[in-house]
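Down below are the structures I want you to see.
Here come two complexes built around chain A, the first alongside chain B, the second alongside chain C.
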Partner chain A sequence: MFLLSSILFIANSIRYELERTLNSLPPITVQKLQAGRHELISLQKLDKLLDIDGVQSAIPRYWGYYYFANAGVNFSIVGVDIFDKAYSDILHNLLENGTFGNDGMLVGQGVAKILRENYYKEYFNFVKSDGSLKQVNLAGVFDAKTSLESNDMIFMPKALVQEIFDLPQDKATDIVLQVANKDEIPNIIAKVKEIYPDSRVITKDDMRISYQNIFDYKSGLFLALFIVAIFTFFMIIYDRASGLSGNEKKEIGILKALGWRIEDILQEKFYEAFIISFFAFITALIAALSFVYLLQAPLLRDIFMGYSVLKSDFDLPFTIDFRMLSVVFFLSVPIYIAAIIIPSWRVASMDADEVMR
Partner chain B sequence: MSYTPEVITLLALNVLFFCIATLCLFISINILKNWDMNTTTSLQYRLEKQSVLVATFIKYIFILKLPLFLFFIFSVDKISGVITGAMCAAGVVNSVDFGMYLVVLKLFNLYLFGFWLVLHVKDQKSKKREFTKIKFWFFAVAYIFLILEVVYEFSFFNALEIDKIVSCCGTLFSAASSSSLAVVFSLTNTQVLVLFYGMFLLHIFALFRQDTILSLFSSIIFLIISIIALILFFGTYIYELPTHHCPFCFLQKEYYYIGYIIYITLFLATFFSFSAALMERIKESRSYKKYYMISLIFTLIFTLIISGYPLVYFLKNGVWL
Partner chain C sequence: MITKTIARTSLFLLLLLVLFFVSELCFLYIYKENNLHVKQNFVQFSSLGDLAISNEAHFIRHRTYADTFSIFAISPELLENFPSTFVYHYPTIQNTSKMYRE
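Presenting the complex of A and B:
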């Protein structure tokens, strides 16, 4: 039960964290597709996108993944200009507080740690596409509310990103649209697709649904764990159902000798089983809560982590929801009670002297 | 096909129900065949012992089924977030052809098992155990419905396709002629209200008089009329939206889960009077005062809650919807 609720707690926390991340994401992202792959988008499209009614602003984004071979990790590098409008909360905070000058960068905590371990304390050498090195100073480390998204991030000036990734001057990675009225999003998507049929438009909702799919429906790993946990529990139940201990038999025998009917004994056993399993439920819950949120779920947490070493470093935020509690409850308490009824009945329906002997 | 933890839980418990109920059925058939209170054979003794086991198990199933029904609605509600087009449980339920039957069947089974329990309590109290045979006959019938429900539920979750586009409750419960409730929607608000409060008064009257036939009749009609009135009239005030008629959406968080309270009180309001009346039909005795009182209290609570919504709306805004 403890394992079961721990797993559910972790999954829930991750989902919560993702949802929080999602809320800080821009409502619409426009990408260009070529041969089914994500391509750089031309900046000329910006004006036309701005002309669509309802679009508040359109901001080009410059970002990419940089593979750091020494540590075997990917950094996400995002290019920003101080004067740009921020398209997400984190960025907004960042731009208000931090500065990185012309050749500095701000890195997430995970990145900072990796760099330290590789003896890059003041700067980092990026390898450009032509093989030459570009030295970028480490201006600071930032801390975001949701560490899942920002752990592997590096912020630096736009020009630097363009230089490192060798991006053409008139192109961006993708374009982010801000929309004043949420209800107009489907309309705007339709218009964008009409003007640029080769574009892929991603909305917050798309992301949310795909995330939920990952955690609820398609994650075989989660399901496997879940089933293992249930079956372990069933094994214990089976053991319980196969017989009562001598003491319990004696107890029933004495009750019968005192004049209790089978009904009374069954009822007593029923309540007893309920109380036992309910307390087990509560205890398991408390144990799981402290395991997950106080100790940050050692061992178990790694199962849920992604491929990248950098991603694995985040806190599980505290959430509890009713449906998860009820899942655990329904899977444990009733089954335990059912398992207790038959053996108690079998003993209770025997004669008192026979039982006690 | 989608196996969320909730669905696994529901299915696991259904398997459990199936096993237990089948075991009970075999014992009940045995009891029905050989039960004779007047003999003192060892077989009769054994049967009496077994009848206790069966009774305990059926009680167990019923007690579990109550919260499980709410849990079912709750998890279906959650799935609606994933299925395209569905906004609440209604869309999900209707995405499978027999989804609506499943919900109705579940409700029906709750009434069946609840009634069985009433029968059982009476049986325990009577010295001669005169209800025992009826009780187990009744269970044999209820078993068929239970199995039907289990089969339905399995095929329901099997047939559920996440990427299928379904209708939202807004279209399912709309005045459009194509919707499933087109006939009901031809009623005007006044007609609905007259019907509802008329039935309410009749139900209260029947409960006060403790009239057997009248309350039997009024319980059933009041249940149906209440649901119709909820869909047609009261629902729109809960949502404060004249076009939204869904009887599922107010189960959601946005409306403070009020739907659960509404449906539970409605269930209690009709169940107790119905079973009391039915018991009196079977055996002429008048010892069900308490049941009528419970029914009366919950009928009042139910009506107060749902009448409160339009009244509060009127007080706030000064107009009716």
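Presenting the complex of A and C:
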């Protein structure tokens, strides 16, 4: 029960965090596809996208993956406009230390740790596409509270991202659209598709469905663990239900000889089984809550992180799904009680002397 | 068989456990809720979704933005050659002679 509820708590919290942070994402992302693959999008498309009714703003994004071979890890590099006031206001709350300048980069906790381990304490040398090095100073580190999101991220001015990835000046990775009225999103998607048939338009709903797919994809693993836990539990249940031990039979026989009725014996057995199973249920939940939310799920978190080099803090948001709790409850407590009551009833309905003999 | 004293003690312990469980829920609810706003701010700042828990695989970090068949690439060393196969890309500092098994 402890293992099962711990895994369910972790899965629920990740799902909750993804769903909550999803709302902060831009509603529409427009990408260019060429030969079935994602390509850089031309900035000339910005004006036509802005002309579509209902589009509030169209912002080009500059981001990509930088593979740091020495550590065998991918960093996600994002280029931002440092003169944008909206950014500086948000940044103030997000940074653990440091400020953002023209030639600096802001990194997540995981990136900072990997860089330190590779002796890059004040700067990092990015290898550009022509093989030359670009030195970028380490300007600040993001707060550990955002570690689940920011762990592998590097933020730097977009000019630096363009230089490191050798992006042409008139192209961006993709374009995000802000929309005033979310009911207009399907119309806007249709118009973008009509103007630029080679584009891929991603909405928040697409991302929500994609998260669902990730959980379906990973749920095979949960199911395997779930089956192991359930199988073990039912082995115990089978053992209990297949018959009472000699001592337990003798106990029921003595009670019957003393004048107890069948319902008295069953009532006593019910209380006994209920106390034992409910005790186990509550103890497992308390242990699972502390294990997942206070101790950050040691060992179990590796199932979710795989073999990642950049291990992030597993500071999950607390959420409780009462449906999940009731499933765990009904799979354990009533079944255990039934496995005690049924054989007891079978023995109690026999004659006292027959049972004791 | 359960005597009255054992029954009372067990019920008392059970009640204590339930109280402890409820207080742990309250503690976690109050303490844990705060960080979510910071996280939402961060996602708004980066405009990129997903969690950084399996960052070696492209499809986990930003799966929605990945190519259709990137789901098969489970490591950064495995470069896509064709949707069903990989090319193993080893770090330049690695001694390649040790990578073969004859």
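Simple rule for what comes next: the second predicted complex is superposed on the first by the 313 of 357 C-alpha atoms of A that agree within 3 Å, B and C clash if a C-alpha of one lies under 4 Å from a C-alpha of the other, contacts with A are read in each partner's own complex, and residues count from 1 in each chain.
Keep in mind that, in the parts below, contacts are C-beta pairs under 8 Å (C-beta built on N, C-alpha and C of every residue); 3 or more make two chains touch, one makes a residue touch a chain.
Everything numeric here is computed off the predicted structure, so don't read it as measured data.
Engineer: Looking at the overlay on chain A, is there a clash between chain B and chain C, or do the two fit?
Structural biologist: Because the two structures are overlaid on the shared chain, the partners are seen to fit without clashing.
Engineer: Would you check which partner chain A:N74 touches, where first means chain B only, second means chain C only, and both and neither mean what they say?
Structural biologist: second
Engineer: In the superposed arrangement, which partner chain does A:I262 touch: chain B (first), chain C (second), both, or neither?
Structural biologist: A:I262: touches chain B, not chain C.
Engineer: Which partner does A:V327 contact after superposing on A: first (chain B), second (chain C), both, neither?
Structural biologist: first
Engineer: Could you look at A:I230 and tell me whether it touches chain B, chain C, both or neither (first, second, both, neither)?
Structural biologist: In the superposed model, A:I230 contacts chain B only, not chain C.
Engineer: Per the contact definition in the header, classify A:I41: touching chain B only (first), chain C only (second), both, or neither.
Structural biologist: Neither partner.
Engineer: In the superposed arrangement, does A:A58 touch chain B (first), chain C (second), both or neither?
Structural biologist: neither
Engineer: Residues of chain A touched: more by chain B or chain C?
Structural biologist: Per-residue touch count on chain A favours C.
Engineer: Looking at A:I335, would you say it contacts chain B, chain C, both, or neither? Reply first, second, both or neither.
Structural biologist: Touch status of A:I335: first partner only.
Engineer: Aligned on chain A, what is the least Cα gap between chain B and chain C? Give it in whole Å.
Structural biologist: Result, nearest C-alpha distance in the overlay: 17 Å.
Engineer: Just to be sure I follow: which residues of chain A are touched by chain B in one complex and then by chain C in the other one?
Structural biologist: 217
Engineer: Note which residues of chain A are touching chain B in the complex, please.
Structural biologist: Result: residues 8, 209, 212-213, 216-217, 223, 226-227, 230, 262-263, 266-267, 270, 323-324, 326-327, 330-331, 334-335, 337-338, 341-342, 345, 349 of chain A touch chain B.
Engineer: Going by the contact rule at the top, pick out the chain C residues touching chain A in the complex.
Structural biologist: Its residues touching chain A are 1-2, 7, 10-11, 13-14, 17-18, 20-21, 24-25, 28-29, 31-33, 35-36, 38-58, 60-65, 67-68, 71, 76-77, 91-93.
Engineer: Which positions of chain B touch chain A when the two form their complex?
Structural biologist: The touching residues are 2-6, 8-9, 12-13, 16, 20, 49-50, 52-53, 55-57, 60, 64, 67-68, 71, 74-75, 78, 81-82, 124, 162.
Engineer: Which residues of chain A touch chain C in their complex?
Structural biologist: Residues 14, 17-18, 20-26, 29, 31, 36-38, 61, 63, 65, 67, 69-70, 72-74, 76, 78, 80, 87, 90-91, 93-94, 108, 110, 142-143, 145-153, 155, 174, 176, 202, 206-207, 210, 214, 217, 251, 255, 268, 271-272, 275, 278-279, 282-283, 285-286, 289-290, 293, 304-310, 312, 315-318, 320.
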